[in-house]
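So, here's a batch of structures to check.
Two complexes come next, and they have one chain in common, subunit A, joined by subunit B in the first and subunit C in the second.
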Partner chain A sequence: MKKKLNLAPVFFVGPHVILFAVFILLPTIYGIYASFTKWNLMNDPVWVGLDNYKTILFDNSSTFHTQFNNGLKNTLIFVLLSVPLLIVIPLLVAVALEHKKVKGKSLIQSIIYIPGLISISAGALIWLLLFNKQLGMAGNVFGSDVSWPANQPYAWIIIIIITVWGGVGGNMIIYRASISGVAQDLYESAEIDGAGPVRRFTSITLPSIRFPLIYTFVMTTAGAFNVFGQPLMMTDGGPRQSTHVLMMYIRQLAFGNGESIAGMASAMAVLLGLIILVISALQYYVMNRNAA
Partner chain B sequence: MDNSPLLNGQNAGKRKGSGISISKYLSYLFLIILCIIWIVPVIFGITTSFRSQTEVVSSGFRMFPKEWIFDNYIAILENTSTAPILRWLMNSLLIATMHTLLVVVVISITGYGYSRMKFKGRDTLFFTLLGISFFPGVVNLIPSYKIIDALGWVNTSWAMVIPGLAGMGNIFLVRQFMNGIPKELDESAHVDGASHYRIYMSIIVPLIKPVLIVCALFSFTGSWNDFLWPVIVFTDVDKMPVTAGLLLLQDIYGNYRMIGQLMGSAILAIIPTLLLFVFAQKYFVQSINLNSGIKG
Partner chain C sequence: MLKKKWGFSALALVLSLSTVLAGCGKDDSKTITFWTPLTGDDGAYMDQLVKDYNATNPEIKVKHVITADMYTKISTVLNSGKGVPDLAIIHADRVPGYVKQGTLEPMTAVTTAQPEIKQDNYLPQAWSTGTIDGTQYTVPLDIHSNVMYYNKDLLKKYGAESFLDDNVVTIDEMLSLKGKLAEGDFVVNDALLGWVILGQIQNLGGDIQENGKPAVNTPVMKQAFENVKKINDAGLMTPFGEDGYLMFQSGNVLFSTDGTWSSTAHAGVEGLNFGVTNVYSNTADKFTNRSSSHLFSMFKNKDRSEEKVAGIGNFLEFIRQNSIEWAKAGQTVASKKVIESPEYKDYMQSFFTSNEKEIESLYIYTYEYYPYIAEAVDTYCGDIVRGNVDIDETLQTMQKFVEDKIAEGTSGAAK
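The block that comes next holds the complex of A and B.
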């Protein structure tokens, strides 16, 4: 009897520990190890020390260096363009929806939420049609004469549009839930003191939803660094590699046509991972301290 | 006609009243514009899937077709060689369903272990795994493929069904939720001689249904919509899920020559998650309430 009880936790927690070890822990460690090797995914990795990192970061004559710089630059552009919109627009929607007199809230909320349930590939096909030069809305209704995916800044614009379209709903739900949790008497007493809507927003709403704000900011930013599907589907990295993001290079090097360069790709992945870690930690630290 | 209370109300709050109406109209304007932008692409995609190719090319932009035709859908379903969309949909359905069922089993059992059982190092183990899982996933992407390859799972549904079970996020939610259930419930059952399995099945699982439903819904839609991973692990056209299939369609229906079929395929691919949303809307929307960590 006693022995049986001691073993019980193994049956409950054990299977997941194994899954975790095999599909998260082991590949993470191996990914870091592989970044110090020359590896083609087939044969055993050959240890090369810091060579991959030196090439990526400092070797001006290497294509890997150019690819990494270009990929990182484009990823950063994506992050800087998309994250503020993915924080501000959902916040505005949530505040507008909190308005007592606005009717049809749940319908509006559903309409804004639904694109989040549409896969990137399906959404991209639909949006590409809208921006198609001959067939779509951009050309026929607004008289635009450019091929959007093939010209800048239009290529970035359509990538950002589909991202915002798909991403606003999730954050909106978080903000709505937390704003509705703010005590109503705070607003009432502020109103009696003559505080206008803007003042009530900055002095009551924002501070009250501080933690959800930090949370969405950190998560949205980390997610944006992993951007892959939108540029792949919308522009295929073009025009002239100007929307080719880091994840696309990593996939291309490791799994593209021709011999896999998985070691180099792993080093890029580790660098991207480190950037995400550092930026997340920084965001959390700065926002939490400023708000406290 | 006695409308004095109304009049009184208006007089008493005149300034306040006008302030509210301006902000009300601004709110409306903003929300309506946004809704139009949000819904028009979907409607246009749907209506285009019912247009003939000649109409799409010749008649300029129209929101609704002159003549509604089903030819595109017939053509999609008949094309089983280059773009077997029906097969892709079945693959996705199988993958997402299996993944979801297993998620529910794994997170409820594991959550029970971390929340309701006492064993040495329990919380240390839990928080260690949680901490490790915060490490950015991009680092384990390439070796994960290698593991899938070693298991013989490349081009199989297992590649999509199993690795996602290792995540900590849902287990964290379930554990949180379970911690809110009074310990006396299962302790007294324990004293009565009930086994952990019994307590898990007949006491805890019924009580954590709401969190399990939410996790199931998000697992299903997440699995259905996953893109990067299937693009990496599937090279066999017949085996892939529909998200990866749509990437191929871009080439197959190159440069939007078969626009109606392209749109029809995209619409078919989004129907299952939309249906799920229609039937389980409240769980999607209230999901956040379960996460007391975010509510703050």
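The block that comes next holds the complex of A and C.
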């Protein structure tokens, strides 16, 4: 019998493939192309080969070299500070919530999740007032005499606080769902054998949720590299550009005032993308190997 | 065989429908799409003006679209050629770049059809901001300025009311208050500090460009910073990182250097007894209120019909006659018909158009690379004034910053 041509899968997969190609694949390819050009977003791009990359990576006298290095350094600081907290804190909250004696689990979960729905700009205004020396809690309740956004390490502290406050909910829900999927038999057996809560956590909970853990670790890290709103709203990249992250430079170059410098911005974005790619790959490799 | 044929037909049908649906759209030949970046309270006042105009039953009505991130969207639609707005409000510093890139339509057709839309009927610097090489590309809505609000109660308390006698508060006058203020009180905040610095440059007889090249690392720029730094060093400026704007509203600061548009917010603060004057200066002979302008402009759009251009002309003439509504947003209206009317005097910002000298003080930078210089000044001015960085070193960095951006930006030929 002649094989029938089945078009049904095409109809199901087609729309997604089209959307992916139009909104993600093509822009990505064009963005990579732009990184090899001088382009102001208005007129035709002019091909300059690797000039942008050479300037960014090797021209010590160039403003763009300085910006890229400062931006990357600050981004790395943010990643190193925020990612561990965004993994550990939601995990602890999730474990605590899963305890059978906890009442009102859903209510607590909702309260912790809601900050993630608030826009960065609205949240930032609230937190800046809280840490305001004259008007806020920091000055009036805790007696802090420091202007937090204008001094280090306080500037990083308030950025991390708002980031954790807004980001805890997402990972917590993933962890809570995965923890609730762990077989209770394992805990009961361990308890019978005399294992305490810490041992049960490290030997049963963590190994059992290793895949959600890997997923959230990689996604949280990638998201942290793309940080933009918190330093922009909380400290405007200050004090002395010490919280000026790479995405702020990229956006300013591409869409700031004055003629766009989109080629240089694209090159910085591609470099950032490569860094995220390498780190994500390393994370997968290391954690999967350890998980074997 | 039948199924196969039907399958192909269904696929073709879906694709056809998609194409047809994508092509469908509301007929907009009778509507002027008007983009503005007015995402604050001021957007509501423009909404009202558009509503008032449409209420006159013009042949072509105006649809006001408040566009967040408008300039990003402009670059997107200009590249694609679709969805270009018929009319847009842009800022003064955008004009030279857009003209150089060949993206702005001259206003010739509008000014020809509407004889009253001419230089004589607008504040001179607002009009000339849109004049490039003799061609008019914009029609001004307003001038919005850096200004200085003062707290009447504090001025009285510290015996400083005489500072206002000549409408010029000098830095020396401010310094004379050193050691006389109560704990937690300050002479001036750092609101819009970058604009203040750019104003000081004019007061010192300087400029931000020399022979078309950026002039950032200059004795004048250094002097401007040092003059303002004196206030900080005397302990009279609100502390670094504090919200000086809020502190003025709390009644702890004598002077606040924010914008004309802030008068509406200050007026909403209970118990704040305030007035407005010129931004402080190093000399009593010269004062400057660094300004910008909201300008009506038309981006090149082959779909803009002659009827629409005529409709735009009617709308702009309506605005020229009726933009007293815009004064409610706290802005200095550019139309002379409005600012010379009796009712305009009720608005606080009428101070800045009350005489020739005040009008001249509203300085708009039109240098092509002003945006890069403003960015450099804004990025570093706080640290310089507070003494957090070495001033000479930082001016070098700022100069390099601007030069590098200019060098990188000279790309492509105008279409």
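Throughout what follows, the second predicted complex is superposed on the first by the 272 of 292 C-alpha atoms of A that agree within 3 Å, B and C clash if a C-alpha of one lies under 4 Å from a C-alpha of the other, contacts with A are read in each partner's own complex, and residues count from 1 in each chain.
The rule is simple: a residue touches a chain if its C-beta (ideal position, glycine included) is under 8 Å from a C-beta of that chain, and two chains touch if they have at least 3 such contacts.
What you see is a predicted model; the values in this text were computed from it and never measured.
If you put the two complexes together on subunit A, you find that subunit B and subunit C bump into each other.
Of the two partner chains placed by the overlay, subunit B and subunit C both lie in contact with A:Gln134. Using the contact criterion defined above for the overlaid structures, shared-chain residue A:Val88 touches neither subunit B nor subunit C, since it reaches no partner.
Looking at the shared chain after the overlay, A:Ser62 reaches subunit C, while subunit B stays out of its contact range.
Once the two complexes are overlaid on the shared chain, A:Leu41 sits against subunit B and subunit C alike. Residue contacts after overlaying the shared chain place A:Tyr113 against subunit B, while subunit C stays out of touching range.
Using the contact criterion defined above for the overlaid structures, shared-chain residue A:Ala281 touches neither subunit B nor subunit C, since it reaches no partner. Applying the stated contact rule after C-alpha superposition, one finds that A:Leu50 touches neither subunit B nor subunit C. The partner of subunit A that touches more of its residues, comparing subunit B with subunit C, is B.
Look at A:Gly258: by the touch rule set out above, it reaches subunit C but stays clear of subunit B.
Once the two complexes are overlaid on the shared chain, A:Ala183 sits clear of subunit B and of subunit C alike.
When both complexes are aligned on chain A, the segment of subunit C among 78-86, 222-230, 276-284 or 294-302 whose C-alpha atoms clash with subunit B is 78-86. Of the residues of subunit A, those at positions 41, 128, 132, 134-135, 255 touch subunit B in one of the two structures and subunit C in the other. Taken together, the subunit B residues at the contact with subunit A in this complex read 16, 19-21, 23-24, 26-28, 30-31, 34-35, 37-42, 44-45, 48, 56-57, 60-61, 106, 109-110, 112-114, 117, 119, 122, 125, 129, 132-133, 135-147, 149, 162-163, 165-168, 171, 196, 200, 221, 224-228, 231-232, 242-244, 246-247, 249-250, 256, 259, 262-263, 265-267, 269-270, 273-274, 276-277, 281, 284-289, 294-296.
Subunit C contributes residues 3-4, 7-8, 10-11, 14, 69, 71-72, 75, 78-79, 93-94, 97, 101-103, 184, 239-243, 246-247, 250, 252, 369-372, 374-375, 379, 382-383, 388-389, 400-401, 404-405, 408-415 to its touches with subunit A in the complex.
Only residues 4-5, 7, 10-11, 37-46, 61-64, 128, 132-135, 147-151, 237-241, 252, 255-261, 263-264 of subunit A touch subunit C when the two sit together in their complex. Across the interface of their complex, subunit B is touched by residues 6, 8-9, 12-13, 15-17, 19-20, 22-28, 30-32, 34, 41, 89, 92-93, 95-97, 99-102, 106, 108-115, 117-123, 125-130, 132, 134-137, 139-141, 165, 173-174, 177-178, 181, 191, 196-197, 209-212, 215, 222, 225-226, 228-229, 232-233, 247, 250-251, 254-255, 262, 265-266, 269-270, 272-273, 276-277 of subunit A.
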